[in-house]
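To keep things clear, I will list the structure first and then write my remarks on it.
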Amino acid sequence: MKETQDRVPEHPGELERVGVTNLRTLVKTRAGYRFVPTIEVTVDLAPDKKGAHMSRLVESIVELVEEESSEVQENFESLCRSVLERLEKKHPYSKGRISLETELVIGKRTPVTNRKTMETHDVYIEVINENGKYKKILKVNVFGNTVCPHSKEKIGKPHIQRAKTELTVETDFEKKVLLEDMVDIVEQGFCSPVYTLLKTPDESKVVADMYDNPKFVEDVSRDVIEGCRRSFTSPMKIRVRTIAEESIHRHDVIAEGRYEI
Amino acid sequence: MKETQDRVPEHPGELERVGVTNLRTLVKTRAGYRFVPTIEVTVDLAPDKKGAHMSRLVESIVELVEEESSEVQENFESLCRSVLERLEKKHPYSKGRISLETELVIGKRTPVTNRKTMETHDVYIEVINENGKYKKILKVNVFGNTVCPHSKEKIGKPHIQRAKTELTVETDFEKKVLLEDMVDIVEQGFCSPVYTLLKTPDESKVVADMYDNPKFVEDVSRDVIEGCRRSFTSPMKIRVRTIAEESIHRHDVIAEGRYEI
Amino acid sequence: MKETQDRVPEHPGELERVGVTNLRTLVKTRAGYRFVPTIEVTVDLAPDKKGAHMSRLVESIVELVEEESSEVQENFESLCRSVLERLEKKHPYSKGRISLETELVIGKRTPVTNRKTMETHDVYIEVINENGKYKKILKVNVFGNTVCPHSKEKIGKPHIQRAKTELTVETDFEKKVLLEDMVDIVEQGFCSPVYTLLKTPDESKVVADMYDNPKFVEDVSRDVIEGCRRSFTSPMKIRVRTIAEESIHRHDVIAEGRYEI
Amino acid sequence: MKETQDRVPEHPGELERVGVTNLRTLVKTRAGYRFVPTIEVTVDLAPDKKGAHMSRLVESIVELVEEESSEVQENFESLCRSVLERLEKKHPYSKGRISLETELVIGKRTPVTNRKTMETHDVYIEVINENGKYKKILKVNVFGNTVCPHSKEKIGKPHIQRAKTELTVETDFEKKVLLEDMVDIVEQGFCSPVYTLLKTPDESKVVADMYDNPKFVEDVSRDVIEGCRRSFTSPMKIRVRTIAEESIHRHDVIAEGRYEI
């Protein structure tokens, strides 16, 4: 007898994405870096199938974790691809997707006193296998600041605020794009990068740099795009979205652009 | 002398959306229903303009609120359109957008004891004016439940959980689509609608209905699509996404479909 | 036969708070101001009772809404008290509580151009009836800013950021404390109040005021406390917590104090 | 000349907690388990000090991370204590606190097919040093379910839903309390534990167990308390709070108790 999931549904219809979401488990990549991402894995579902076999999607993740000593992953993207390849043998699909939301921690040096500091960024990695063709979507969320050129010009005193830029790239799986480079491009787009640790001489330099480099939220988004054009090769889809938490308002301001290079 | 915003930026480039976001203010519609939505208003920005005049975007909202007694809005969508029309006179744009996130409260009767109850749903309304052509995107988030057909069949005992469906429609501004109808279509897709108030006889009926009508998350999404096909007229883009908070897992399951009718 | 809820539980034990939470419905107060708060209503439960009759807690809210035309409430606190009084007749308790989370919208004028603007603040109202004695907890969350006195002194250029202060007061129900006054006290504690609408001359004044009035997050919290001491009468418990979203860091800074006056 | 922070503030007043919050960095404990917690570190501030030296609080964390190879921590609590001890030498305080919010991942076996599965729980660890006396607050958030005894009795068909219990213990630093044991106590309080991976025979057992063990949200909280009484030794403060995401309502139900053992 057919499993419930394999029956014909009352209202047949294709579903683009069926699967598990908000699943958190422990995985690791080659450098021994372990992390607990929030994972979503989905497959498309044919019109004549009532449901997906959800536990097989979970197995594709869980088994990979178990075997991690023998098959440690190079990076987040290769981990994602391994799940989709493993899933293909367990549950047929035309279009399979997996996404991870996690943190990327990057060591830096403070700008004057040269102290070690660790900077943490939210990142998102999605890999899609559509009929054997793999592509990836990479996203970084980076904190920085804006310094208002308009009030600086009008009264010599800019209002300043924290800003956050989300940079997304979509490209073929094979194209090499490092999350670390994406973070770096965004940081160069702000009035100044920000740091977790700043001793007084570091802070003075960061603040002086900010005053020397006033930018609207629009400038930040455009300058990040410019950085992508200089660093990345076509073909690639890029989206940049900067939101500044205005210090003179209760609301935020936003500047977003989409481009193909 | 040109305002800072009107200068040519260092890296000229078009931006698709520039404006204010996460702005909350008090507005009202015809029935005297006042609400405090979270608002985003954006315009596209030409490559040779350094920045948008953000305060004019805010004015388009604030002035409408001030004048509300003389020009009370029929509904959320007409309020959005009025902001975009007003904005056009203050700040040139090719593509202007406004979105509201707010709550829709609908009065109902409990199914057996016929008691009055009020049901609250998150809704999202977006109106876009692109070169004089208006379209709208309407979204409702409705709570319900799923009752597992697989475990019901296997052992006669289904696991049950809360589920949430987000239904989105995108269509011409003129086409009449009521948020209340969208909520109703989603509620018909669940194993049973849910209620804020349930006396014991009401609860017994709701639970009995749930056991008589087991559905996977995939069934709910397909049945909502079927409801849209019966109720709405083409052309329209529809997206339905159901997420069930599994009572036997820590993670959720998801079923999403996109259609054009 | 006893209802399930009225049986003796397997492990008898008193519960301090049993009830409904995250309930949203439409209510209104005297000025015709309607709002959709998130509500929690709980009662204590005796050791020998298996469960509370949850639907009676919901009824206490829903019935009040139905009858609102005949019994419109003066303000949020009196609405809360009415629910607890009504609940007492439906479900016995020693300690009943209700809380509302909602928004308070206050009309203001911009500081130079005298334009109308509406300012929205998150507020929280809790009323507790313990054996007939009523007390209340009122909380406002207000946005403002900090301007760093240390970097201003060191290099003449302060870093600036949005800050948010939560002011909480706990006092007898009868003592008159206006949420609007609490908001005003917090706004006076910042380097400058902030506004939803600011035309250029308004913005220039706000920014100039900020530079003339640099404050650490610690100064803001202390100055809010000082404002409470001047405005309120004893006995009252006060807590103030300011968090600044540092524009030079990824993390926030916090200053919190608790006092009895 | 005195640093700005060391001056007397305009309105002198003691602050209970001044410091950094929402700071995320990479740390590790003995088993090589690396994690990225969200950290808050605060000290009390004397009435005559304008501000804390925030960068010294950050250093106490960052330096510990740098030196982690030589001083790897046993567990989350000892890591917290090390930060407070290190901080004492950098910044005087009477009351220092640190909290970490992070995830705890526990390996389990599925109940019938004996498959490996990983279960992830949100945990919170706070350590407080008040004049040399150390205490700790440990919190776990664990997912499970409730199965309604009332509807099961009335019509033989219970409504079922996901529930979440937060168990908090406050005790001396020295008393041994494992987060893993706290998770286990909570899981025993639900109608059944839940699992990330469940094959059909596992799922059937979990669901059958749930139907055999119906519980109100009140029962879950009381049974968790009972588990604490059996497992932990006095003196200890305990708080348990269970919230069930009702499958027949839009709102949740809550049962909370506080105890000293």
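Here the chain labels run A, B, C and D in written order, and each chain numbers its own residues starting at 1.
Basically, a residue touches a chain if its C-beta (ideal position, glycine included) is under 8 Å from a C-beta of that chain, and two chains touch if they have at least 3 such contacts.
Just so it is clear, the model here is predicted, and its values are computed rather than measured.
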Shared numbers divided by all numbers used: is that above or below half for subunit B and subunit C, i.e. same or different?
same
Relative orientation of copies subunit A and subunit D, as a Cα rotation angle in degrees, nearest 5:
180
Gap in Å, rounded to a whole number, between the CA centres of subunit C and subunit B:
28
Averaged-CA centre spacing for the pair subunit B and subunit A, given as whole angstrom:
26
Counting only residues that touch at least 2 other chains, which ones in subunit C make the list?
23-24, 58, 120, 150, 196, 198, 200, 203, 250-251
Under the stated contact criterion, what part of subunit B meets subunit D in this complex?
119-120, 143, 145, 150-151, 154-155, 157-162, 192, 194-196, 198, 200, 203-204, 206-208, 210-211, 245-251
In the complex, the residues of subunit A that touch subunit D are 23-26, 32-36, 55, 58-59, 62, 65-66, 103, 105, 115-118, 120, 196-200, 203
Mind listing the subunit A positions that touch subunit B in their complex?
3-5, 9-24, 40, 42, 45, 50-52, 54, 58, 149-150, 153, 216-219, 221-223, 225-226, 243, 250-259
